[in-house]
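Each of the next two complexes has chain A plus one more chain, namely chain B in the first and chain C in the second.
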Partner chain A sequence: MSNLSLRNIVKRYGKTEVVRNASFQIAEGEFVSLLGPSGCGKTTILRMVAGLLEPTEGQIMIGERDVTRLPPNKRNIGLVFQSYALFPHMTVFENVAFGLRRKGESGKPLEERVNAALEMVRLGGYGARFPRQLSGGQQQRVSMARAIAPRPSILLFDEPLSNLDAKLRDEMQIELKRLQQELRITTLFVTHDQAEALSLSDRVGVMHGGVIQQLDRPEEIYHRPANAFVASFIGKPNRLQGRIEAGTVALGAGLALRPERLDLPEGSEAEVFLRQEAIRVLRTPEPGALAGTVALRAFSGPQVQLVVRLAHGAEIVVEVPSAEDTASLAPGEPVHLAIRPRDIIVLPQGAAS
Partner chain B sequence: MSDMKPTLPISIVALLVVAFLQVPVLVVVLTSFSETSYLTIPPQGWTLKWFAEVLSDPVYIRAIRNSLILAVSSTLLSLALGVAAAYALFRKAIPGSEAITALLMAPLIVPSVVIGVAMLQYVTLVGLRGSFLVLIVAHVVITVPYILRSALASLSGLDVSVEEAARVLGADGFTAFRLVTLPLIKPGLVAGALFAFVTSMENVPVTIFLASARQTTLPILIFSSVEMGVNPGVAAISTLLIVATVIVLLLAERWTGFHKFV
Partner chain C sequence: MTGQRSAWLLIAPLLLVLLLSFVVPLVLLLPTSFQEYQPGQGMVAGSFTWENYLRIATDGYYREVVLRTLALGLGVTVLCLLTGYPVAYLIVRGHPRWRLPLTLLVIFPLMLNLVVRSFGWIVLLTNRGVVNNLLIDLGLIERPLKLMFNMTGLLIGLTHIYLPFMVLMLVAALQNVPRDVEAAAATLGSSRTHVFWSVTLPLTAPGIIGGSILVFVLTISALVTPRMLGGPTYQVMATLIYDEYMQLLDWPSGSALSFALAASTLVIIWLSSRMTRRWAGMA
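Showing the complex of A and B:
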């Protein structure tokens, strides 16, 4: 086990810069996710760490070792692929034994370690089967066992859950978290699923356009996004325009929000991000609440989504638990929206994203 | 593949076509047992003497040996070269890989006679005429397309990350290829190798330009015997060839289930 650090990593294909100057460090035993839309460069970073791609510039260190130019087989890394990438012509046992055999293990110790790895992913007794005889979830567990069996110093996950259906994905998420906590292996996890990234990681790096926009604890990413891209990418935010006036953000038509923190100069244009789930819907007015009318209502089981038109014309989408009294609000009815000051995210207008 | 059952008229037409195509084979097999010294249908009497005659004729034996040596060595060489080429063309972004592929596949399209003439002029020029090695090289040229085609098809059906997984797990490039990629493309390679072998075994147009009298191969010998007049000896050797081919195909099918790749 060791820490992983990337220093000024750049990957260029011709003139296109896929990764721009990425620098970060993952501490020993830490779980870090790279989160972003497809094509943001997250998988490219993972493949460079694995040695499957060579960075154009920069340095990759595993512990004290500079691995930038080392081939993948010399890096002692575990990698779990999106497609599982099991060896179809080998049994589950041989799949898991592959990495150990390359390290010269054999006989009884090999057998014990393979079985221990299979035990860890709760596939004890499946050794004699072939991958094609297993379900998708089981195959992914084999691929995890295969990655951890040789005790890698770094564990990499490339969207490991995105080929599974929603229910199985939730189960595997818990399994993965449990596994990582038991092993405390330094982990880099790449995904486009924010719920996955936020719930699994010690820290999350949000990527866009080859740049890591923000790398921080999940709570920070969620509540204190560094820029407009992160604010709009995470959660289901409403985006409103406003102007800083007397310590508030004035939205127009007399509506104003008073955030907990306001770092912008008086009179400047600002963008306000309000998460759907952070807005309370009230039937009666309350100091600081925004007045509006319900324009649309959509029922989706546990939640009801209300589209509320504010006095100055802008629309806000609000999520209300179905059990709430306000979930029955019908289009045309007046409502008041209360937002806690700490949930009001204010960023400068037109900031680069 | 499809669940659709063919309709009766289509089945009948298909059977007729297959029968029509197989009649010559049947004729050859039947006549090889005939006691007469000319080809006739139905065969007059039953005898194995033509088989005995052919198999005891040193000219035939040498031709068979030449053909086998030529086919085996050119198939093995084609396998080594074709697989390496396919791997390089498929995995690495070689500049002009499309052009290289087209060039290597060209012997499938260029008439064999043209290749034969061209090879003859070339080896005469460089002074290698009459060398058995030249014959092997020529056969590699005409058999490599079959290997290349099946290897490329097999590789493209493979998940690239499977070999990457092996690399990350500690296998160097060659080990990953040997333990993971090669076993996975083996059925396709067997199919390609069979085509290559058969192509080399039966080739006349290229061989006839390059083979010296001592290097006569079986198809050349059959070809020239037929010029002298067909006798059941030719039919007997042809029957042996057919039987040998069927046996090899059956064994290969059992070994790899390669029919999916043809």
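Showing the complex of A and C:
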């Protein structure tokens, strides 16, 4: 186990920069996710750490070792693929034993370590099967066992849960969290699923256009996004235009929001991000609440989504637990939206999006 | 899922063609192979004998031809595999820019007529051919090497002709090897050579076996090239069968040889498919 650090990593294909000057550190035992839409460069970073791609510029260190130009087999890493990438011609046991054999392990100790790894992903007794005889979730667990068995210094995950169906994905997420708590291996996890990234990670790096927009604790990413891209990418935000006036954000038609923190100069144009789940719906007015009318209502089981048209014409989507009294509001009824000052995210207009 | 009825319907055209042009003539040939042959008179009507088959195993000349044919088949298959694998690997894993030119280069010999290609090899390989003249002029040898009318000539000519089949089969097999699986082996501490031997090669086993069967079967049944590069005296089974039928008019002998050839082919296909299953642990 050791820490991982990337220093000014650049990856170019011809003239296109896929990764632009990425620098970050993952402490020993820390779990860091790279989160972003497809094509944002997150997988490229992971493959460079694994040694499957060579960075155009920059340096990758595992512990004290500069591994930038080392081939993958000299890096002592474990990689779990989206496609599982199990060896189809080997049994589950041989799959897991592969890395250990490469390290010169054999006989009884090998057998014990393979079985321990399989036990850890709750696949004890499956050693004699072939990968094609297992379900997708089981195959992915074998692939995890294979990656952790040789005790790598860094564990890498490349969208490991994307090929699984929703229910299995939730189970595997818990499995992963448990595994990571037991092992405390330095981990880099790449995903486009924000729930996955936020719930698993110690820190999340949100990527866009080859640049890490913000790398911080999940709570910070969620509540205090660094820029408009992070604010609009995480959660289900409403986006409103406004102008800073007397310590408030004026939206027009006399509507204004008073945020907890306001770093923008008086009179400047601003964008306001309001998360659907952070807005309270009221039937009666309250000081500071925004007045509007329900335009649409959609029921989805645990939640009801209301589209509310504000007085100045903009529309806001609000999520209400379906057990709430306000969930029964019908289109045309007047409502008032209350937002806690700390949930009002104000960012300068026209920043990177 | 198609039902069994529609499955039968789908293969019916092929089945019909095979039945009429292959199975029926073969069955008609079977009684012939057990008939007696009297030189100068032809087949003896109503006779029955095992002699034609026994001769293949006991007669020294026949046995030599059979063993030579099998050795030739094996030799050409191994040569095609050894020279074809690197080419296939380059086509699949090399720079994409080279893929089309290389594939065309591999397929190109197939566009030439078999007779033309064999004549080409005669020009190159005869005693006063291009190769020997060049070697003598360079002072590397004093007397011309014997490159024709023997195993060497047949190996060269047939390898050239059947290499494309092997390469195309191997290309298909290599394309089916997921890059992630190789990458996984690399991250687990496997060097490039070890990745090849432990992952790539076993995963291309179906292609290796398939290509080998194809080349072997085509080689042992080849007629034109062995006749032209082997001459009238250096016989293989196919040329011998041809001579029995067309020159000696010994149809029973020719038929028996044909069945022996077909039987050995079937045995080899059966053995190799068993081998694939064991080797690759799948299928």
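Assume the second predicted complex is superposed on the first by the 352 of 353 C-alpha atoms of A that agree within 3 Å, B and C clash if a C-alpha of one lies under 4 Å from a C-alpha of the other, contacts with A are read in each partner's own complex, and residues count from 1 in each chain.
The criterion applied here is as follows: a contact is a pair of C-beta atoms (placed from the backbone, for glycine too) under 8 Å apart; a residue touches a chain by one contact, two chains touch by 3 or more.
Quick caveat: nothing in here was measured; it's all calculated off a predicted structure.
> Quick check on the chain A-based superposition: chain B and chain C, clash or fit?
Superposition check on chain A flags a clash between chain B and chain C.
> With the two complexes superposed on chain A, say which partner A:Arg132 touches: chain B (first), chain C (second), both, or neither.
second
> In the superposed arrangement, does A:Phe24 touch chain B (first), chain C (second), both or neither?
A:Phe24 sits against neither chain B nor chain C.
> List the residues of chain A that touch chain B in one complex and chain C in the other.
50-52, 71-73, 75-79, 81, 83, 85-89, 98-99, 102-103, 143, 146, 150
> Under the stated contact criterion, what part of chain C meets chain A in this complex?
Chain C residues touching chain A: 178, 180-181, 183-192, 194, 198-199, 202-203, 205, 280-282.
> For chain A, which residues are in contact with chain B within the complex?
Residues 50-52, 71-73, 75-79, 81-83, 85-89, 98-99, 102-103, 143, 146, 150 of chain A touch chain B in their complex.
> Please give the residue numbers of chain B that touch chain A in the complex, ascending.
It is residues 159, 161-162, 164-173, 175-176, 179-180, 183-184 of chain B that touch chain A.
> Which positions of chain A touch chain C when the two form their complex?
50-52, 71-73, 75-79, 81, 83, 85-91, 98-99, 102-103, 130, 132, 143, 146-147, 150, 156
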